[in-house]
Amino acid sequence: MTGFFDIPSDLQHSWTGLIGLHMREALLPVAAGLLLALPIAQLCGRFRWLYPPVLGMTTVLYAVPSLAFFVVLIDYTGQTELTVMIPLALYSLVVLVPAIVDGVRSVPDETLAAATAMGFGPVRRYLQVQLPIAAPAIIAGLRVATASSISLVSVGALIGNQGALGNLLAAAQKYDRPELAVNAVVTMAVLAILCDVLLVGLRMLLTPWMPRGGTRPKPAARRAEITPEGAVR
Amino acid sequence: SSSGDTSDNPLDGEKAEAGTVVVGSNNFAESTLLADIYGEALRAKGLKVGYKHNIGSRETTYGLMKNGSITVLPEYNGSLLAYLDPEAGQESAEAVNEAVKAKLDKSLTLLESSPAEDKDSVSVNAETAEKYGLTAESTLADLKDIAPEMVIGGSPEFQTRQQGLKGLETVYGLKFKSFKALDAGGPLTQAALTKNEVQAADVFTTDPTIVKEKFVVLKDPENLFGFANVTPLVSKEGLPQEGVEALNAVSAKLDTETLLDLDAQVQLEKKDPLDVAKAWLKSAGLD
Amino acid sequence: MIRIDSVTKRYPDGTVAVDRLSLEIPDRSITVLVGPSGCGKTTTLRMINRMVEPTGGTILLDGEDIQRQPVTTLRRSMGYVIQNAGLFQHRTIVDNIATVPRMLGWGKQRARERAAELMERVGLDPSLAKRYPYQLSGGQQQRVGVARALAADPPVLLMDEPFSAVDPVVRKGLQDELLRIQDELGKTIVFVTHDIDEAIKLGTMVAVLREGGRLAQYAPPAELLSSPADGFVEDFLGADRGIRRLSFFPSAALELTTDAVVPADAGAALITATKAPHLLVTDPDGRPLGWAGRDELTAGDIRTDRLLPYGRPFVPGADSLRVALDCAVLSPVGWAVAVDGGGRVTGVVSQQTIGEAIRAAHTAGRADEEKVAG
Amino acid sequence: MNVLNFVNAFFSDSAHWHGYDGIPQRFWEHLQYSLLALAVAAAIGLPVGLLTGHTGRGGNALAFVANAARALPSFGLLVLAVLLIGFGLLPVMIPLVVLAVPPILVTTYEAVRSVDPAPVDAARGMGMHESRILFQVEVPVALPLILSGLRSAAIQIVSTATIAAYVSLGGLGRYIIDGLYQRDYEKVVGGATLVAVLALLTLAVFWAAGRLAVSPGVRRR
Amino acid sequence: MIRIDSVTKRYPDGTVAVDRLSLEIPDRSITVLVGPSGCGKTTTLRMINRMVEPTGGTILLDGEDIQRQPVTTLRRSMGYVIQNAGLFQHRTIVDNIATVPRMLGWGKQRARERAAELMERVGLDPSLAKRYPYQLSGGQQQRVGVARALAADPPVLLMDEPFSAVDPVVRKGLQDELLRIQDELGKTIVFVTHDIDEAIKLGTMVAVLREGGRLAQYAPPAELLSSPADGFVEDFLGADRGIRRLSFFPSAALELTTDAVVPADAGAALITATKAPHLLVTDPDGRPLGWAGRDELTAGDIRTDRLLPYGRPFVPGADSLRVALDCAVLSPVGWAVAVDGGGRVTGVVSQQTIGEAIRAAHTAGRADEEKVAG
């Protein structure tokens, strides 16, 4: 009963079950964030005046502690996964919107002019030129969003067993079993790194056109990776 | 001994699934243990049982009981009354139960109380006890003069409850130097007491560390913390008659000594609460 | 024909980029817009494919106002080539080139075949087809840009400083390539540059713009060199106007003399018979060896190791008077050596004769101009 | 159920304005935790970032370390640290520092790396010493980006320092945790608002720092 | 004197950037390194101030191995100017220029005074002193770069393609400025470019490098033009070698004739007396108006509205034979007009006479070369 993988029964899940739950609670919001961020970023790209206020708002949102979000949401969505996932989706949004906007903006003017001159309409130009070229920046954003999402799910433990692997942390305290906390931290870190590796692989798959090795990625991609709050620049 | 098998996925959905009895618990070890005991007893009677563990404080769980998310919750009768009606006096366990039932939401009711009692208490650590000469015979009233020099700890909700800082002030006139938010009698509380970060704290009377760490539990002559008999709070609709009977049978067999022993198994021997619950039910012939 | 009719562009911030500009751009020829930075060249070019909308005036394409056509149709009928090629970095070379055909609904196979054909046309190795733009040199990228613009065989090609980002040697190659392609395809090309030499080399007509988007002069390059409209154009043309203008005069009509050419093994009689002050000595194949001076002539004996260098020869049919003059000037004796394609001497010509030819060409040029003016 | 009502109620309750649980005290505690964590993180991230950025070496190792650090969950580290070390400021500082080091480190590295190599080359050609090149040529130009890394770290710290309350320390997180257990939304929303205000203050401070410290020649770019 | 002695640079990746290069760089003159991209020019230059350490050979500065000096001392004794100037964008112009003096411990006041002095020297308006680099044009930035390199008055100036990022007109201005400054200061300048025209214009000596960092030719520009060492150099020099070489021959010795010059109000007698085939007509101040043709000469009456354009005049003292020839070629009658500094005609000269002068210059040049060789 004190082993590394002996999960207390009140968590209702085996270790692998917790992992599955954790990934779902962490990744669905990122996916939702991406789906939301694309049109928002598109709007920000279209109407340049929109970008600064959107950035400002998202930064304030980002500063609101996750726990406060969870607590306020309990009344609307109850003690459910949704309560955890909604704030995480919002945080992902905060990271992804600037990443996409910057990525799309990083497309060289010449390339855009060439596309326009060839008779690309705005939609086709966005889908076939801007978005693919912005892919590295978007994936860089996804990497940050995914890592932070995986980490933040654990805070859900505070609102009653909604933290997946994070519940192990609460259990570690309740039953004074540090090994459970170690288990939680290490598992989450490994999951985050695995996701990161997968995303890097995805980028390589999507961008055979990027110079490999030695050559550094485009500044926009880099930027998204280094300033997660992306915002306020 | 992990327990992915205990339910489908109780975390899904807001309302309890029709026909499933959802047993909830608050975020401390004993509550989990009691929930497991109730749940397994019900399961032994062939009911479909789901768990919603570690929810948080009574403030939260009561809401979930009301809206039907939880069917069964281990409660402490006097503490519940103090939550429902902070002004109410507590003369006897029966009177308390009647008063609670009167105040309860229409959809809820209390089943039979068990003799097992686990009260909130104000305990001081050994150092403080020595300093002020406090013994097992000392009462809360003895703190009157020294309270302003003391930091008291307790779960965050202790700060605002009648059976907490409020009551200590109104009933005993105690005004502490400050309040330090800890957990519900859990490891934070123990650590804070042993490290003397707080001099007094809200400790459950069944807490095995009281003995281990030589905490001194102060007497409560005004009965502020009232009665705290383990009592199942249930939803009238959600629990069928055989369930009611099963839980009453459990209550009949559960006394304070047993509870102390079970708590120690979980908290000191680090056994899984579900295993402890099952083992006890078996030994008590309730499975 | 593209007709730019009193077109004005005032940007929202008040900058007047182009001011009542009128140009007639002839079909199947290269028209160059040249001028200092910011004089409105790019703006003018982009108004032709409506990437910039004029604030005044009209542009007619084959007599029809370009405003009448749907903008994407108009653009697809015009290739567009820009500095750094503006390639799609996320697509292979062949896919870059096939972009417009694919957009026009061609099948994948057909579009790729067309792309392969164009790669050959612009001088790109087929092995580059599957590469991505970053794997190509600047010059190669620029070639891809040209191929992409030509892909759907548009009648009009708009080129905005296409070669200005590559180094001088590569640029020269690209210019030659463009002239060759134009010879084969005969597109209507509007070419923007700020390099007057490029303008003179490529343009059938050259429009010199000045600050504020006003036309300073619109003329064929030779005329530009001989009669700049004003000080601005003259300054812009820079030095050597006279000599550079000679590029437009062929050297074919030069009267060559063979009197002064002798083979190295010629006898003394032949040598002393010559009246020329210098003798060009050739090898048995007729290739030039060098000039023999007066002293040797009188001696009647040629010592090939003491010959003066003959500089470089010119090819009368292919080279212009400019080359001929340069050869004469470079020659220590002032005579230029003419050779055929095989490098065999066909005669020599004195600087003086070249001077006369230049004068004759001037006169003919002036007569032409007067005819045009009249 | 209106958030604005909560905010209003929270801030107009005079009881929230004094004492050990008053807003000034909690705000001050939060500020202390944040500043301390930022200072420690900067003390680790800045020198390493500057050095690797200047030499251009170790960039890959650095990216790996930063990514790995980012993968560590703050809340998990906190609980683990408390379990292993016990109470006090240290277990709170560990996750906050781990959280803040990657943005500082990577941004600083990137900032120095992305400085136009031409002036650096020119400086070297003038016979400047390497340290001088770093501090007089590279850092002034990299400053806006370095500051943005610090700012990013600071905002994350301010937001995350709320977890200190979970291990019974003070700070603005107190309101949120207490509010959760006491079922008191006023407190939760009030606490969250205070955190957001502190975050905005942080932004303002960094904006001002940028104005003051960044040369007009760099800023207007 | 800088002496590069059999220097080789092999980069760690195996690239041999410079291969056993030996050069003697004379004091107080401009030595230009020129060659195609990647031929090792920058590497060579940077080995002189030890920003790159050679893997073989030695470099001597005034006879002493540069390895002997502390590297910072060495660098501070050499100004270094690069493309885009490499200015410190966070410092004002005056502080940029004062960098090295400040580093050498000068007082703030003195360093700023020095900076102001240098701004004047390189032709920058003092009002720019407090600006930041981004507020300057590319040409102005480049001037600041030069001023900064000159600030501590180093005897040596290393310049790596300093003017290649600015447009042709500005570049010409900067080149002229550099020549003027060099006239005044007499630094030892090593100048890297890939533009052969720039090399010829600026260089006292020109080293042409070829791929792999090998020296193709090291000679004064006139010699380079007249006798390229091999096909590579010849190709690199490009067309017009002969004519460009004329830049090095002054036009002062040209024999002018005034016989063919008449004022517009000259009487018929004067006109008909002239034997020249054409007459240059001047206004009362002596400024050229144009050429009168034979017809008018015989008529004995000049109609100024029918004159032929005189092209452009040259100034015998200041312009080279190249300009004179260009003027003659541009002139419809084949005669160049010589004027003084004030634009008044001092005579005319036929293309033929210029041709003779060219030949004479060639002969003199050859004699010189032989003298040098002997």
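Order of writing sets the chain letters: A, B, C, D and E. Residues in each chain are counted from 1.
Heads up, the rule we're going with is that a contact is a pair of C-beta atoms (placed from the backbone, for glycine too) under 8 Å apart; a residue touches a chain by one contact, two chains touch by 3 or more.
Here the structure is a predicted model, which means the values were calculated and not measured.
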| item | value |
| --- | --- |
| Minimal step count in the chain contact network, chain A to chain E | 2 |
| Chain pair that, of all pairs, has the most C-beta pairs in contact | A-D |
| Computed distance of Cα centres, chain C from chain A, in Å | 55 |
| Whole-Å separation of chain centres (CA-atom averages), chain C against chain D | 61 |
| Whole-Å gap between the CA centroids of chain A and chain B | 39 |
| Whole-Å gap between the CA centroids of chain B and chain C | 94 |
| Residues of chain A touching at least two other chains | 157, 159, 170, 173, 176 |
| Where chain B touches two or more other chains at once, by residue number | 56, 60, 183, 188 |
| Where chain D touches two or more other chains, by residue | 177, 180 |
| Every chain pair in contact, whichever chains are involved | A-B, A-C, A-D, B-D, C-E, D-E |
| Chain E to chain C touching residues, read off their complex | 36-37, 167-169, 194-195, 226-227, 234, 239-243, 245-246, 309, 311-312, 322-323, 325-334, 351-352, 355-356, 358-359, 362-363, 366 |
| Interface residues, chain E side, partner chain D - complex | 49, 51, 71-76, 78, 80, 82-92, 99-100, 103, 132-135, 145, 148, 158 |
| Complex contacts: residues of chain D adjacent to chain E | 116, 118-129, 132, 137, 140-141, 214-218, 220-221 |
| Complex interface listing, chain A residues touching chain B | 1-2, 5-15, 17, 21, 74, 78-81, 157, 159-162, 167, 170-171, 173-177 |
| Chain A partner contacts - residues on chain B that touch it in the complex | 1-4, 6-7, 9-14, 25, 27-29, 32, 35-36, 51-56, 60, 64, 69, 183, 186-188, 266-267, 270-275 |
